[in-house]
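Some structures to go through are shown next.
Across the two complexes that follow, chain A remains constant while its partner is chain B and subsequently chain C.
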Partner chain A sequence: MSTLRANAATLPANLKRGMRPGVRPEDDTLTHRMRRNFFFHLHPVRVATRTLEPKATLGLGVITLTLFVVLALSGVLLMIYYIPTPGEAYTSTQDIEYAVTFGAFLRALHRWAGHAMVLTAFLHLLRVSFTGAYFGRELNWTIGLGLFLLTLGLAFTGYLLPWDQLAFWAVSVSSNMLDYIPWVGGFLKRILLGGREVGQAALIRFYMLHVAFLPGLMLGLIVLHIWRVRKDGGLACDPEAPENASSVPVRPHLLLREAVLVLVLLTLLCLTATFVTAPLGGAPDIHNPSNPEKTPWYFLWIQEMVSYSAPVGGFVFPGVLLAGLFLLPLLEREQEGVGRWFGRPGNPAVLGVSLVMGLAFFVLLEWAFMHQGVVSWLASRPPLSRDLFNPATGMLVLSVIVFAVTGILTRSTRAAFHAAIVVLLVAVIGFTLVAWCRGPMWAFFWPWEEWTLVR
Partner chain B sequence: MAGVCVLSTVVGGVRVAVPDFEEGLPQRFPLGRPSDFKMNTLTWLQDRDLFVIRNEDGMGAFSCRCTHLGCMVRRTADGFVCPCHGAEYGPLGEVISGPARRPLPWYRLWLERDGRLWVDLDETLDDAGPTPVVLPQGDEA
Partner chain C sequence: MSDRELEHQHRLLRISLLVAVCALLCVLVLIVIRTQQAPWRVLQERFLALNPADAEGSDALGIRQYYTCAREVDRCPTCHLGIDRSDLADESVPLPFRAHGPGLGRHLPDRVGCSACHGGSGRALDPLVAHGRPDQDARDPLMCQPHIQASCARCHVPGARAGQEYLEQGAWLYLGLGCMLCHPLHEGGRGGLDFGPDLTMIGRKDTDYLRDSLIEPTKNFPGSTMPSFRLALKKEPVATESLLIYLESLVLDRYPGCGTRERTRSLVSRPCATCHAGEEGDASGRLKHRCPYLLKKSDELRCANCHATGIPPAGRGGGYCPLLKQHREACSACHDSRG
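After this line comes the complex of A and B, so read on.
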């Protein structure tokens, strides 16, 4: 009994020691604590002073990771009420929106954080591209590409779950785009939908992908991604460059910045989720799409290209983009200027020129293809001419030309790749904006114009 | 060895995901009596995504799903147009302009002994257009 009393008296001390096995009191220093703590262990001990500047990374990796955590937590709570059957998906979403305490807040938080994550993952990809940070990190670049595709997959599978008119038709149209992938497209669509059309089988598959398979895969890849950054020597910078010579301890310099960034982000997210409700349309009419019927915004560029040519817009253009990104760190191996925006000092001017060229050519193409003359001339030609002559193919060809010309003039593979990426970026953003402006019967309307039925 | 384990798990997992059966409505079903469809009309059977046409040439059934990405086409003065990406079809579902490549598919239609018209969505016809249907006595509309 006296032993028990003695143990109870030393309980706090024993608890502290017992929960940290193998830690001797003399090891309880800052360095040891940082090595032991999993969260701290993700960080190195020192970082180059230059990589602490906000413009070095824009904090996009930390932001994207935070959004993932927010999405996982809010998603688990939403799962308590959501029922993935065609009969109850919509009504249970209505319950979350109108009856569950904090339901509307959670749904809005999940929705806006999901949209934001697509955007920040994309910006992170652009940041790593334009700072040449992929140099010598082929594996982690590929993991990052995989993470970006997973982000799109999670956003897309989540889009169907509210099972409202918008969700049902956006996913119907998007999954029919799979039919245009040669050889495997039909098979992919079959295992994704579990049938010919979006129904019960598709809903449960999307739900499984959204709450278990894709997040699990993503968590594993995130851990690998961050661990590889650490193993590859932290944030990319040229060790030879004089501006990278000075370094500071991670604690407090980096940790403080990260904490502030996360707190500001969480504040903004909570404010947005409180004041901007997540949209919920009417119950789906599975025989009657709205007019126009649009995919989620991050696939609008594909939908716009597909409206000209399904094989080019749905397969060739995204395929070339993906293959090009995959090959980027393998074909572009200049070490000079790694970690610096746009590489060599002269390169921003080159990119400015390709930006202007891309914009000019895009506007020209869109202007031409919105004139009835071009459209009806193409309609009288064999179907293949629509694949060869359309804005998507045009921008793809321009990016190849810009790539070759820049490479020859600057003798820099980085400048050539960056210039091509700029042109393709103009195309992706341009097509997204044009598709966003489309009204009934896919006719173009300026944002200030009222939608009318043209035909 | 590890590779074989991973590969067989992936292949087996994908095989599980391939649907072995499909739920939903049967592909072969009755449309109704011929007299339900008046001469020189086009009827939209919304719940089965079908158009049924009847004119001097006979009767026919064709899909109202756009062959581009599967939206429902809308009827216009001179054919059909798809609201999703603007594909245009003629009065018999032939491609006029826009992103669609294939015409709207026509399905085999026949008069069963029960006096009703039946359609089979698994049997598409090579030629577009209504085909003659022998009507039962007293069923001319």
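After this line comes the complex of A and C, so read on.
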């Protein structure tokens, strides 16, 4: 009994020692504590003072990571109620939305965080591109690209799960776009859907991909991604540049900033999820496709290009974009201005010019194809002319021209690549906005116009 | 950045951290409060204020639902708290709490549910969604009289029971106007003249769309060759509604509820008579139709145009007949595919 009493008296000390095996009392110094802390393994001990400035990274990596954690936690909670069978997927989603306590909040949180993650991952990609931070980090750049594709995959597979009218037709039309990939497209579609059409097999595959396979892969790649950032010398900066010489300890300077950012983000997310409910349409109806059938917003640009030319929009344009992004750190190896926005001081002006050119050419192309009867003229030409003359090919050609001209004039590969990216960015955002405005029969309506069946 | 600047920022950041934590906590509290103020909870409190006696039992509060024979969930009684209470049938009881009117017959709410007849989203607790207003895209609209008659066709032959006047008249009009010449009523079928789309699921469309399509077909389909029924229907609002109600009935599957199951069981011992309350039918032999309902109507229906016997057999042709469409399954309990 006396031993028990003695043990009880030293319980706090024993608990502290027991929970930290192998730590001797004399090791309990700041250095040792930092070495043991999980969060310090994500960070170096010191960071360059310059990278603390908000404009250096815009905090996009931290935001994306936070969104991933939010999605994982809310997703696990949603899994408690969700049933992945065609008969019960929709009704169980209705139950989550209407009957489960905090269910509507969780669903909205998961949905908006998912959409936000696609956006922030994309912005993160742009930030790394335009600051030239990929220099000498080919592996991590490739991992990052993979993470971006995984984010798209997760968002897309999650889109089907509510199994409502919106989800059913959006996934049907998106998976049909796989057909435009030559040779392997049809095979990929069959693998993804487990058949020719969206049905029971597709639902269980999407569910498996969404809750197990893709998040697992993503978690692994995120760990690798963050580890490589440390191994590659910290946040985007050239360690030899004089402005990066001064540094500060991560704790408290970086950690405090990250904590504030995460908390503000969580507050905004919770507010959005409370006041903006996640959409839930009617039960899926295979007899009545919605008109227009639209893909999720992050694939709208592809759908818009496909409406002009399937091979270019569905394969050539996205393929060139992806290949170009993959090759970027291999072909563009200028060390000057790494970590600085747009590299050399003269480059922003160059990018401004290419932005204006891209916008002007895009508007011209859309105007020509919408009002000037170009489409009907092309319809009377051989089929190949549709693939050669369409807005997607036009923007692709412009980006190549801008790339070559900028390269020759500025003698900077970075300026050339950045200019080409700006033009392609205009194309992607432009096509997305145009497709967003499309109404029934894929006719164009301004946002303030009412949709009518007959234009 | 100088040391002093860093120090200043550090102080600012610590204050912002405190503010951010407080903001997040406030938002979390807000979420809990909003959940407590859901419309159905507010309604239930109003109900308890009006009927203090119900506050004693604890089962009046919370989500109440009917789990129907068709394994559907209808949460309507969560707000319609007096729907099955005879003591609240009076007109003076405010609307969401009043009991259901007379005429339910054997349609017991706890077996058939609400949405099987009324439409709407039975699972939803949000009043807008549950009542399926037309602005709620593609959700089943709430059916009021007389449109609720469309739901009768889920189990009953149009006109076989009282209270389906619109539905019955609609079915006759469908025959009389010659709709079935072009529009088949079986899935994947083609019309007699080989150009009308199949109308099996047309009831999914909302009422306004259907009305437009009837009166001015080119409004929804510019290239439509369907004649306009503007002149025929303009002065006949009841006829238009009847036809609309019949079309609305076309989407509905047979209600897989308690009635069907019982009927199927009894079909084995008492074929036909179970469905058609008349003399006992005889299912042996080629066809010995003794269904009084059909016998009575067969001349009007011009059954002989399609059926050599003069009285419709169940096995073939039945799919085209708008009066029998809903009953094919029941017929096939006696008649196999060869008739």
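We take it that the second predicted complex is superposed on the first by the 452 of 455 C-alpha atoms of A that agree within 3 Å, B and C clash if a C-alpha of one lies under 4 Å from a C-alpha of the other, contacts with A are read in each partner's own complex, and residues count from 1 in each chain.
One rule holds for everything that comes next: a residue touches a chain if its C-beta (ideal position, glycine included) is under 8 Å from a C-beta of that chain, and two chains touch if they have at least 3 such contacts.
What you see is a predicted model, and the numbers here were worked out from it, not measured in a lab.
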| item | value |
| --- | --- |
| Touching partner for A:259 - first (chain B), second (chain C), both, neither | second |
| Chain B versus chain C as contact partner of A:195, first or second or both or neither | first |
| Which of chain B and chain C A:288 touches, first, second, both or neither | both |
| Contacts of A:309 with chain B and chain C, given as first, second, both or neither | first |
| Common interface residues of chain A - those touching chain B in one complex and chain C in the other | 287-288, 290 |
| Interface residues, chain A side, partner chain B - complex | 169, 172-173, 176-177, 190-191, 194-197, 199-201, 205, 287-293, 303, 306-310, 375-376, 378-379, 383, 386, 440-443, 455 |
| Chain A-touching residues of chain C, taken from the complex the two chains share | 1, 6, 9-10, 13-14, 16-17, 20-21, 23-24, 27-28, 30-31, 34-35, 63, 73, 75, 121, 123-126, 129, 136-140, 200-201, 204-205, 219-222 |
| Complex contacts: residues of chain B adjacent to chain A | 14, 17-19, 22-24, 46-47, 49, 68-72, 74, 76, 81-86, 96-99, 101 |
| Sites on chain A touched by chain C in the complex | 49, 52, 91, 94-95, 97-99, 101-102, 105, 165, 246, 248, 252-253, 256-257, 259-260, 263-264, 266-267, 270-271, 274, 281-282, 285, 287-288, 290, 453-454 |
